[in-house]
Amino acid sequence: MLNAADNELLTRTDGDQPMGQYFRRFWQPVALSAQLPEPDGTPLRLQVLGEKLLAFRDTQGRVGLVDPVCPHRGADLYYGRNEDCGLRCVFHGWKFDVNGKAMDLPNVSPDSNYHGEMAIKAYPTREYGGIVWAYLGPQTEASELPEVPRLEFGELPETHRYVTKKRQECNWAQAIEGALDTSHFSFLHMPAPSVPSNANPDAPADEQRLAWIRRDPMPSFSILSHDVGFVVGGARRAGGNSIYWRMAHFALPSHSTTPSTLPGENYFGYTFVPITDTACWIYTYVWNPDRPLSDEERTQLQGGHGVVAEVGPDYLPLRNKSNEYLLNRMDQKHRTFTGVHGVAEQDAMIQESQGAIADRTREHLTATDAAIVRFRRTVLAGAKALANGDPPQAPLLHESYRLRSGSWVANEGTPFEEIMKERFGDPTGRMPAART
Amino acid sequence: MLNAADNELLTRTDGDQPMGQYFRRFWQPVALSAQLPEPDGTPLRLQVLGEKLLAFRDTQGRVGLVDPVCPHRGADLYYGRNEDCGLRCVFHGWKFDVNGKAMDLPNVSPDSNYHGEMAIKAYPTREYGGIVWAYLGPQTEASELPEVPRLEFGELPETHRYVTKKRQECNWAQAIEGALDTSHFSFLHMPAPSVPSNANPDAPADEQRLAWIRRDPMPSFSILSHDVGFVVGGARRAGGNSIYWRMAHFALPSHSTTPSTLPGENYFGYTFVPITDTACWIYTYVWNPDRPLSDEERTQLQGGHGVVAEVGPDYLPLRNKSNEYLLNRMDQKHRTFTGVHGVAEQDAMIQESQGAIADRTREHLTATDAAIVRFRRTVLAGAKALANGDPPQAPLLHESYRLRSGSWVANEGTPFEEIMKERFGDPTGRMPAART
Amino acid sequence: MLNAADNELLTRTDGDQPMGQYFRRFWQPVALSAQLPEPDGTPLRLQVLGEKLLAFRDTQGRVGLVDPVCPHRGADLYYGRNEDCGLRCVFHGWKFDVNGKAMDLPNVSPDSNYHGEMAIKAYPTREYGGIVWAYLGPQTEASELPEVPRLEFGELPETHRYVTKKRQECNWAQAIEGALDTSHFSFLHMPAPSVPSNANPDAPADEQRLAWIRRDPMPSFSILSHDVGFVVGGARRAGGNSIYWRMAHFALPSHSTTPSTLPGENYFGYTFVPITDTACWIYTYVWNPDRPLSDEERTQLQGGHGVVAEVGPDYLPLRNKSNEYLLNRMDQKHRTFTGVHGVAEQDAMIQESQGAIADRTREHLTATDAAIVRFRRTVLAGAKALANGDPPQAPLLHESYRLRSGSWVANEGTPFEEIMKERFGDPTGRMPAART
C-alpha cells in the first residue's frame, strides 16, 4: 500500500504535478502515424498529460504538435485550413508552421511587430515505429534534445511489426501495474476451473504453459535492475525438476514488455501514456525480429489477440466498461475464469474496476506483488528527484531501451541472472546494441 | 417550512449524516429477492444511503451484502466468480463468504497472518416478504440484532401479496411526504374539471369516493401516535350527514400505508429507501390478508395500477422525468387533472418536480399539511436524539409494524379514535399481534 | 485583450453580476411569440440571464413570465393547468395569474391571510415584432417602465419581416463580437482560395462584392457614436478609385445589424440574449421596409440563409458542435474556406470554438478589431456606472433603436459621416423617427 500523498504523487500527471513533469522529460507517444495519414490532411485533436493539443501533418509530411488556440482572438485551429506548409485559422487567416511560428498575419499592418514575433506553443515531434512521439519537456535547443527510446520494434522494417493502441478509462499507473503483475495470469486469463488442462510432456507447448501457470498461483519473483528500469522474473513449478520462468521488463517511465514469448515467437510490449489522470492510451506493439509478420497474424491482431484489444476506428475497445465487457456469466461458469473474451479486455476490466484512480491506501499486498512495489518505488524516486532539481538520466540512454522479455524453462536452482543469460544472452535482457 | 439546517438534517442520509445513522438503526430493504433469483447467480450492484455495495446469493441460498472492493489491490468483486459458497475475485483469486470472511487467498504464503484475519465489510441480511433486508447499523452480536419489522404483507403466504419497487429521482423525504399527504388526492389524481362525477348513493363505490374527494379539497386532519409512528385520518364530507375518512400510517423511519382501502379490498404500502440524497427506491407492496391475489390482479399490477408504477426490467418507471412522464396536454384539458397516466406516475412527477432535494425554506404550509409537519418533527427528533446518544426504540418493536390503513364512512361527529376502532378494531390500526 | 477582471465583468450575467444587472435595465427577448401559439396552451420553460422562468399565454392571450416554483410545497408549475386566466398547480390546486397574484388557494382556510397576499415572482412582458420581451429589472410602477426598443422590423406589418432564433453554446459577448467584426468576412465566409472570383464591372453585384471583400483582408474602420450605441464602417478597396463600405450597428446592450444590405435589399439584425454564462439565444430578424417578403424568400430563410441558421423545432442549429458542423474537409480544400455550409453556421463554429467563455487575456488584437474594442468599452462602462448607482439612459430612448445598416460604394476620400448620409440620409443611420 501507499500513503495518500504517495498515491497522489504516483498518479497525478497533469499541470505542474511532479509525476507529469517527470513524464515530460521522456519522449511520449502522442498518436499513431496512421492517424495522420496524409500531408495537408485533417488535423488531429489529442490530449496528453492533461494538455489539449492539435497535431497536423504539413505539406512536406512533417508533424506539428501545437496549442490549438489562435493567439489573435482564441479561435480553435482545429477548424483551420492545413495548407502550404502551415495551419491557417479560418477566422482571420493567421497561419502557423509546424514549429508554431506565424507565417502569415493578413489582417495585421505590415509595420506591426506581430510579424516575426507571433507564435503558438509547439512541441518537437519524431516518428518512430509507426508512432508520433513528442518531447513535452522544457524548451531546449534542438541539439540538446534527447533521442526517442530505441524500443526494438521501431528498429525493424515495418513488415516485422504491428502497432496499435487502445484507450483505457483509468489512471495510467494501475494499468502498467497490471502489465507488470505476471502473477494474475494464474487467474484472470485462465479457463474456468471445470475446464481440464494438460501438462503432459506430449501436450502442445501452449497447453503445457497454461497448465503450469494454472497450477502454481504463487510464483516466486526475482528482480534485476538495469539502466532504464528493471526486469522481473516469475518462477513457477513445471514438470519434474523444471521451473517455468516468465520475465517482463519495466522501462522508465511507462514502458513494459510481456512474459510469454518463447524463442522464435512474437514479442509484445506496451507504453502507457496518460491522457488525463483518469484515462490513458496503451500503445501496443507486436514484433518479430527474425521475419515479417504474416497476413494471418495481422488479421488475427486486427480482431484482437493477446494483449492487443479489439478496437473500433477511434481505438476504443469494443468490449468496454459501458457494455460491461460483454461479460457472459454462463461463459464464466463453464468456459473462462472471467466470462470476458480477450486477454486485453480481461486486463481492462480488472484495471478499470480498481476505480478511476486506484486507492492504494486500502491495499493488502503480498509477495507476488514484488514488481508492483519496485515499479512504484522507482518512479516515485524519479519524480521526487526531479522535483528536487535532479533530472532523470534515462531519457539520455535511448539505446538502453532495446529490451526483450519472455518465457524460459530451466532446471530448478538456476539463478535468475543465469536464466536471463540463457534466454536472452544478457543478464537483463538487453539486445547487443544496448549493452555498451 | 423548515429552516435550512433542519432541511439538511431531514434529507441527508449519506456518510455520517445524523439521518443516515438513524436509518441505519432500522432494517432497510436493499433489493427484491427476485433480483437474486438463484444460488451462485450474477451478483447485484446496489447503493443504499449513499454506500455502494454488492449483494450475492451463495450456493446455499444465503444472501451476502458486502463492500465490493477486494482488499488485495482494489478490484471490483462484481466481476468475481460466485461459486462454492463464496465470491472469488478474478484478479488473484481471493475469495470471501457471505459474512465477509476470507475463505481462500491462493497467492498468499501459508504462514501469513492474512489467513484468518482478512475480511471485507459485510452487513447482516434477512429475506422477508420477497425483499432482502439489511442491517446497516453498528456491528452487533447476532443475538442483539433487532428483527425485521413485521409488516403484514410479509407474514402472509406469497400467494397473498405482490411486491415490487420503483426508482424515483429525488430525495426520500419529499417522496414519503407525498405519500403521507392524502389531501392532494383532491387534485393530482382527479379527472379534468370538465369530467362529471357521480356521488349518488346508487353510483358505484369508486365513483362515490372519487366524487367526495373531489368536492372537498380541504379535508380535516386528525393524528394519533402509536409505538412506531402515527396514523393520520383525513375527513371529507360525503353524502348527507356522513363523513368519508381516509387513513394512512407512517412507521419509522420511512414506511407508509395508503388510505383508500375499504374492507375486503387490497391493502397497499410502501417503504422509501434512500439510494443517494437525490434518488430513492420506493418498495411497494399490495396484499390481501384474506385471499390470494388473482391472476388478473397480478397482470394489472404488472402493468402499473394505483401506487404501483409501470416499470421496466430495472424497475425504472417507463413514464419518467426524461420523457416528461408522457404528459399529454390534450388529456390534461379534457380527461385527467395532470394529463399523465397512472397514480404512481402522477406522484413521481410532482415529487421529482420539487427538485432533487426540495427546498423547504420557501414553503407556505397549510392546515392540510398536518401529517407532513408531524412526520418531519418525528424523524428529526429521532435523528437528533440518536446524535445525542439516545438510540431509537422502534427498531426493537418489530411486531408493532403490523399495521393497516384505509377508508371508512361514518356519521358526522364520530371521533377519529372511534373511527379507527370501527374500521380496524383498534384505535391506531394495529393488527392483534401488534397490540401486546 | 482584457484583464481577467474585465473579462469576468463583461461575460458574467447571472445572479447579481453587474453585467446581468445592466442587462436587466433593458427589455430582453425571452421567447418567440410563435412558441406560445395559443391561449391556455402548453407553458414554456425558459432561462434568461441564468434565471429559470416559466412563460404561459393565458385565456385572454396575455403572456405571463413567472417563477415556476409553487410557494406551497415547491412543485413545478410547468406541470400545471393553464386555464381560466391563470396557471394552476396540479398538486393542491393553487392558481396564479400572469401578474403572479394568487387567484385560488383551495386547500387554504378562508380566514387565512394567504388569500390576498400569496404571490409568485412575475415579470412584465410585451409582444413586439413576433417576440415576447420581458423587463427583468427592479420592480417598478407600470407607468415608469421603459418601453420596448423600437427596432424597425417590429414597426412593420408581419408580412414584411421574418423572425426566428438560434441557440449558441457560448457566452453572449463573443457571439456579438463575431457580429460586430466585419473583417472576418474576408476569410470565414469566403470560397476556398482555389475558387476564382470576378470583380469585373459586368459581374453580378454579389460576385463583385465578394471579390472586393476577398481581395482586401484588412479593411479600414471608422466608428461613430449615437444615442444607444455606435455604427462601425469597414472600408475596402473596390474597382478603380471606389471604396466599398460595409456598415454595422451596435445598440445597447446586445443588438446588432448587418453590413451587407444594398438599397432595396432585405435588412438583417440580431439580438443576443444570455441563457447562462455559457449559452445564448440569438434572435435573428429579416425585414424589408418597402414590401412584403415573398414566399420564396420565406422558404429560403426557413432552410437557413445568410445569418439565419437552419434550425430544428427547438431552434437548435442542425449543424452544430455535437456534429462538428458537418465540416467536410474536401469542401474545405476545394469549395469553401471552412468546409461548413452556411454563414450562420460558420459564425457559430468559430464563436463556439473560442471556448464556453472566451479567454480575452490571451488575445492579440489588431486594428481591424476596432469595433470589438469599442463594444467592450461601451458595455463595461455601462455596467460599471450602474454598479456605482448610475443607471443607463438608453432604455428610455426606445425610439432611438430605429436603425439601419448596410453597404455602399463611394469615391475614395469620402468621410464616413458623409457615407452614412448618402446611404441612410443620416450620419448615424437613424430612421427619421429616431432623429428627434
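We just call them A, B and C in the order they show up, numbering each chain from 1.
Note that a residue touches a chain if its C-beta (ideal position, glycine included) is under 8 Å from a C-beta of that chain, and two chains touch if they have at least 3 such contacts.
All values reported here derive from a predicted model rather than from experimental measurement.
The angle of the rotation superposing chain A on chain C, based on CA atoms and rounded to the nearest 5, is 120 degrees.
Between chain B and chain C, two chains of identical sequence, the interface residue sets overlap only in part, with shared numbers making up under half of the total. Separating the CA-averaged centres of chain A and chain C is a span of 50 Å.
Put simply, the C-alpha centre of chain B and that of chain C have 50 angstrom between them. Contacts from chain B toward chain A in the complex involve residues 40-42, 69, 71-76, 78-79, 81, 83, 89-93, 105-109, 112, 114, 118. By the touch criterion stated above, chain A contacts chain B in their complex at residues 177, 183-184, 186-188, 193, 217-218, 327, 329, 332-333, 337-338, 346, 349-350, 353-355, 358-360, 362-369, 372.
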